[in-house]
Amino acid sequence: MTIRVVVWGENVHEQENETVRKIYPEGMHTTIAKGLGEDPMIEASTATLQEAEHGLSVERLAKTDVLIWWGHKAHGQVSDEIVERVANRVWEGMGLIVLHSGHFSKIFKRLMGTPCSLKWREAGEKERVWVINRNHQIAQGLSDYFEIEQTEMYGEPFTVPEPMETVFVTWYEGGEVFRSGLTYQRGGGKIFYFSPGHETYPIYYNTDVKQVLKNAVKWANNPAPAWAGITNAPNTPADKAPNGPLTIKGETLHKAGEAGFR
Amino acid sequence: MTIRVVVWGENVHEQENETVRKIYPEGMHTTIAKGLGEDPMIEASTATLQEAEHGLSVERLAKTDVLIWWGHKAHGQVSDEIVERVANRVWEGMGLIVLHSGHFSKIFKRLMGTPCSLKWREAGEKERVWVINRNHQIAQGLSDYFEIEQTEMYGEPFTVPEPMETVFVTWYEGGEVFRSGLTYQRGGGKIFYFSPGHETYPIYYNTDVKQVLKNAVKWANNPAPAWAGITNAPNTPADKAPNGPLTIKGETLHKAGEAGFR
Amino acid sequence: MTIRVVVWGENVHEQENETVRKIYPEGMHTTIAKGLGEDPMIEASTATLQEAEHGLSVERLAKTDVLIWWGHKAHGQVSDEIVERVANRVWEGMGLIVLHSGHFSKIFKRLMGTPCSLKWREAGEKERVWVINRNHQIAQGLSDYFEIEQTEMYGEPFTVPEPMETVFVTWYEGGEVFRSGLTYQRGGGKIFYFSPGHETYPIYYNTDVKQVLKNAVKWANNPAPAWAGITNAPNTPADKAPNGPLTIKGETLHKAGEAGFR
Amino acid sequence: MTIRVVVWGENVHEQENETVRKIYPEGMHTTIAKGLGEDPMIEASTATLQEAEHGLSVERLAKTDVLIWWGHKAHGQVSDEIVERVANRVWEGMGLIVLHSGHFSKIFKRLMGTPCSLKWREAGEKERVWVINRNHQIAQGLSDYFEIEQTEMYGEPFTVPEPMETVFVTWYEGGEVFRSGLTYQRGGGKIFYFSPGHETYPIYYNTDVKQVLKNAVKWANNPAPAWAGITNAPNTPADKAPNGPLTIKGETLHKAGEAGFR
């Protein structure tokens, strides 16, 4: 069964900036989606900020297995309601891959609970991405490392929670390092952050980067049914306790059948 | 040097509910603070929802080493601005101890990035809290387990991120289990979630519970200077790269000295 | 492609103890393998302590995707050489599922680096296994919990490293709790510890237990090529540095081409 | 109360190699111990391979709060019995700091359960150690990074378990990266691995390196009583169950009072 991926693109610099438009005439989201589409297991479509509901309607998200997020200049224009909707889908089990400047997207900060800040520099310097666990699904088909000739530097400290797995660590020409591939589990959903991808360089055409994204989609995909109601706190009343009816002792705050506070 | 603790209490049920008022005539926050004050290393004061800025002014938080959070019925009345302020102080290094129904507080959900949902039942059943790592600072002075005669059941799944350390796991009379003591690191701050504490039982007078809170305060306290600016993403320009001035290659998005996007 | 599983059984109690023989007349390993074989994706064979090289020759392990380990009385009779061989295969990428009393097996202790001790009691009491993340691959097809009517109690503290994921936590009739399903990544290999399985009860015929094992096999299976040489520390000489030939500065310990110390 | 530290040194290269002897005429262990001794809270002594029981008698270890390990050429000469003794003390709560080539020491491999392999190069290149969490106790007093002018390169993949915390990541002149400061909890003991320290360079005289070691000693120190018997698996018989006497159901393997298998 194919994995249904939506590549979300902010789609602003491609419209406003000549350099970016030249590299990504169809938009970064389209280029990323085309790269993924090379894999017969993946069916990739796109969504953008400018569409109604940013292209992320309830119905569409319900049919999305993995969402890829690229944003930069317009993080603030993303609707809080949509961010909450996406967070809910991740908790239900949808995979999420956050790219590059998406470190400061509302959705990534929402799911990490930390500032997600970092150091940066635009100097077109070289980046060498080292593979930490070559047997990780996300690292399949890579060598010990791969290089990106021109990149934006993203440097430590990267203020995210300690990850489930550190998949990649990057070396920069200018002297910094970065944990460039990190995995997280949040609720039923898997999250992968991957730092390469500055829009003034043709990074999403890079064969290794495309390989990482294909791998990451397969890793993040969770075929389990959506975890409906994961945000609810259900009451298990005394007469339905696993050990059979309990005699209520002491005082209670809620009457039988009352909902909990939120 | 003493550790400056603020015990934040919602202070609603103590006013509205006869049962709770009888148990905690001065408010739960005051009882918790008095328990902490038994330790000469700890200097505990209180703050409540009803005070201006909920008692959590910028100045006060700046002088707070560890914040303890108890809320239940009025999570929604806590100002988003104060929540963000507290989150920032945690990232800067302030310790945070979240108690019981605080699992659904805005601040805990904000820092976890997950639903923080769980199962619950008010039946006054027994809880047995098992110690996983008896050498952990939070478990000092405890036996293999301690018991709370009457408690509210909080059952798994508890939808939080996998913790840094699982310190306690609880057994319930009715048949559920709960990871009742969990640690997290978020930015420069340490977070401890501890589940016992329902307001209709005198749990914060329990000797073992008081011991856990004293221990947790010491564990969460971080004497390092506040991590100022942790939410910023500073630019390291090409001429200030650690390896010395870099020649800029390729195109850039920002002009020299321009701030990054957020 | 089918997943090639070897179920390793100590095969001692089945021979010596009438109770165990009645429940598992063909040996526990055979029962476990038959349960796995219900899944068309899994091809399960068995190996026992009594066979040459305990049935775990280099050739056979090289063709094993996931190894399941059940041992109890005869941990000490397992050859250290075979233990090291299995550890190497796990590091290379083979999955390992350790069952019940295998907590004290040489291979599990070898891979955890901790005592792996726990509390225990044989009273035939009930165990209720709670699912922490219902969307985890290992939990597919289960309800909120499943029960084992008669079990050996395994209680905390379970002295293992904090896991990658806590998949299950168990409640016992007698009052203890146990982290009964834990995942680890060690080198290229995934490890799952699952505590149910005492030999005097028919636990491996239990539908939920069989489901967990099928799921765990799929989770632990890593189709990546074996990480050959993972135990080596390769030299990258100065003239082969990623950044091109380096001029050697200062003194060195090794002459060019010399192997490192071990 | 002072923290009692033993700095264990292999003390081989200092005797055999002219370069090393010139840098560390009293032995590396002595230099490290003197650096620690600058802190009034630390009382540091030394032990070496050549002493009886390698200087690590049961009595001495019992009075050691934190052990620091430096070994390289003679890992194989360390007695397995002493390794097991040290591992037991770590599980009981003794802190352990493993330095540089100690990545391949018996004790580190024993506690990690992984190959602990890495890439290496002796070229005297520069290392820049980046601080990931500046509020971590181990990073107190450091800047964003510190540099070591001449170092041995240790490169990824470093085949250790995912750490509790990634404290430092290193950049190398030659193009590699390394997770150079990692923390672990094993049983009751805290472990810190720190990679700088090649013996042909005066690294343990470096102010920042000395600061890290002082900090790490304080972090690893656990004033809790030793976790005696952590390797035992105690039986809790049916009549001593926390919930009161249990009626034994079904069959048992052990007679009442019998010890478990190991």
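In order of appearance the chains are A, B, C and D, and numbering begins at 1 in each one.
As a convention for this text, a contact is a pair of C-beta atoms (placed from the backbone, for glycine too) under 8 Å apart; a residue touches a chain by one contact, two chains touch by 3 or more.
Quantities reported herein were computed from a predicted structural model and do not represent experimental measurements.
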Maximum centroid distance from subunit D, chain identifier (CA atoms): A
Chain pair with the higher count of C-beta pairs in contact (A-D, A-B): A-B
Length of the line joining the C-alpha centres of subunit B and subunit D, rounded to whole Å: 31
Centroid spacing, where centroids are CA-atom means, of subunit A and subunit B in whole angstrom: 27
Centre-of-Cα separation between subunit D and subunit A, whole angstrom: 36
Touching two or more other chains - residue numbers and ranges from subunit C: 128, 133-134, 155, 162, 164-165, 171, 175-176, 185, 187, 242
Subunit A to subunit B touching residues, read off their complex: 13, 17, 19-20, 72-76, 87, 91, 101, 104, 110-115, 117-125, 150, 153, 155, 159, 161-162, 164, 173-176, 184-187, 198-201, 230-238, 241-243, 246-254, 260-262
Subunit C-facing residues of subunit B, complex: 128, 130-134, 144, 155-158, 162-166, 169-172, 175-177, 179
Residues of subunit D touching subunit B in the complex: 92-93, 128, 133-137, 140, 145, 164-165, 171, 185, 187-189, 222, 224, 227, 242
